[in-house]
């Protein structure tokens, strides 16, 4: 052991960021934060990890921890230090990341953030200063305030009926599987302070060894908030806080845990198109004859039940249309409404830039169930086309000013052995009737959007059945 | 380059990765979830990290932490989630962290619905969080722009050390269109202010707190100076504005509908044009003011109670009438509906 | 700062200007060699002082003190050059 015990190198020699006196902290006389700072700084020195340490300053009296610690510093929003710590640790797995938090910060506003960081087993070290009060804002009640303890927002003492019991953070977090080490210690007499010193070192050691999450809860004096002298305050920790918050190790798997090495992300920039499933062949549009005028630049609305493959049908048209060199757009009905209910999509194929992708006046309506036909029939432009599944819709469209094509798509699909490919039968019928897309283009593009490749041949068969039905 | 028929939401992720983004922190919400899903799929393939956070609050704070390390990182959400992120966004703006936030807007207020709205205009363009800050806000109106503007957002964020936002609506997020992906950014800029987990870090500090009012005012003045510089990044599209009497103004999916309106009415011989702000901040105020010199009236169309229209009115400054048409609740007006409105209210 | 006899005797130095007069060191010193001074320092606190004799170099006061730089403890056998 060093022969001289003095201010650690892991403190800035001069607190440049601080206004006023730059050689003393901003903490009140007798505040526990300062002592804990010293124990942490000493450990950073002794373990020689200062250079790669990044410290989260919370919101609370230790908001200015960054004045003092001569490390990489990030000041965090109230309660979110574990999330911020997660972010930076994921960028620098080899760094030593410390989340320093008070009880309001960690146990109240940031309650979920600490639980989730602990549960993910982030390889970070949390120093949790439990002083049973909101120090910084002037002594209001904290989640850890003792029953009966008077604060400025529990002026008659914390009442169980109104505010519930104090939150036991260490015990709670110890129920999780991931945390490696959780201990509660107290900054009281020399013996207990020495235990704090050891706990601080152990927690950091666990991170150095890449073993995972650790948290040290430190019962700590707030003489100002408690309205006591520093000496009284320490006694109060022993007499009252330690009764409510028993000291001890609540979780320690450090001996059995296997260290997982800190692997820094490798920035991969080669073969990105391949990795991102982006085709890197130059695009070449398929040439073909122009369809009859009334079928050009179609604006399609396709509608039916969820599960009928409505969206996929639209996609098939859009995908093949793109291959033909058309401008295309496809908009689905989206979200939970799709499930079990109706589904529809809007598809545009056009020779020029597509304005509204929303099809309010379709030139083609594909209706795969009766409600869809009833709902959208009126929207179709005069001279437009309505294709409907006549195996499910027993009344043909009433409109007399449009072209109507009924096809028993579901029946045909059923005969092929899979009712779910009725959409492809319709697709075949649509391209056969309008000659907007040659069969071969559809066949070539099917594999792009049909996820299960072994189903492609069956889908092609369905398309052909649709074509065949129309051509008869 | 190859062309791909792809959802706007997915184009964002591919664009981000091509821009060198390797960190994504998100939380599911319709209609933005495909962004997180695509990030979850692709990030690990390119040496990146995807993490589903416990909330939008956590995800923006993870982003804050990750961006402190000087890498390119992003998050995405939709309106209610963006509301939750606002405190963190303010911290990122105050600490001058270059992050990218995607907002695929949905109907509000409250839980509202998942249909497209544009009612987050104010909370993104005006700064929904506390403090005197500005976000760079880009408003794509196609899947192609979802990719291109995301890449631009990363570039501008780094260039100005400022958060940048992609503000799109549910339809632009959900819509599939062909996208031609540009070449990947090979190296992202070095950032000397960022933490690197090395001995130099002791000289660095990521923070937004400045207790001393004089110092905080100075910081604010510095930010305002920066914002003045960013004004040069204004982007917009004009369509038939040259000889127009009536100029329509709208962004996102609305601008697509307005495009149809212009096409239809031009065919009928009407002198109508479209100005589409691509950057909502910086706002094309100058261009609108110039148009105000020569045209007869403006019609602003938006999917909100009238948020963009305020900025247009400020730019026009009373010189010409600024008419307004809107839908709320997730309804996108049809071109015919807007044309009917024009015929009823706009006197030639 | 050179003090004769340093090698034989432990000692404690309190930087009065960094002391906040909390008294925790005084309370904790097992051999009672610290005391509250009558003077006021620049912050208006009564700083702790060393009686000048009897420090064992145990370090307890250092670890009770919340101020990083207020207390320096020299154990028996320390080397003067270490003081910076």
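Note that the chains are named A, B and C in the order they appear, and that numbering of residues resets to 1 at the start of each chain.
Methods note: a contact is a pair of C-beta atoms (placed from the backbone, for glycine too) under 8 Å apart; a residue touches a chain by one contact, two chains touch by 3 or more.
On a predicted model such as this, the values are computed, not experimentally measured, just so you know.
If you sketch which chains touch which, the chains link end to end in a single open path, with no loop closing it.
Using mean Cα coordinates as chain centres, the one most removed from chain B is C. Averaging the CA coordinates per chain and comparing them to the mean over all protein CA atoms picks out A as nearest. Chain A and chain B have centres, each the mean of its CA atoms, that are 20 Å apart. The distance from the centre of chain B to the centre of chain C, with each centre set as the mean of the Cα atoms, comes to 60 Å.
The centroid of the Cα atoms in chain A and the matching centroid in chain C are 52 Å apart. Within the complex, the chain C residues that touch chain A are 17-18, 20-24, 27-28, 30, 42-43, 45, 59-60, 62-75, 77-79, 82-83.
Of all residues in chain A, only 1-8, 11, 21, 23-25, 27-35, 37-39, 41, 68, 189-190, 193-194, 197, 223, 229-231, 234 touch chain C in the complex they form.
Against chain A, in their complex, chain B makes its touches with residues 1-5, 14, 17-18, 20, 22-23, 25, 30-31, 42, 45-49, 51, 53-55, 57-59, 61-69, 71, 73, 87-88, 91, 95, 114, 170-171, 174-178, 180-181, 184, 186-187, 195-199, 201-202, 204-209, 211-212, 253, 256-263, 332, 334-337.
Interface of chain A with chain B (complex): residues 12, 17, 19, 50-52, 54, 56-57, 63, 66, 70-77, 80, 83-92, 94-95, 112-113, 115-116, 265-269, 272-273, 275-283, 315, 318-319, 322, 327-332, 334-337, 353-358, 360-361, 448-449.
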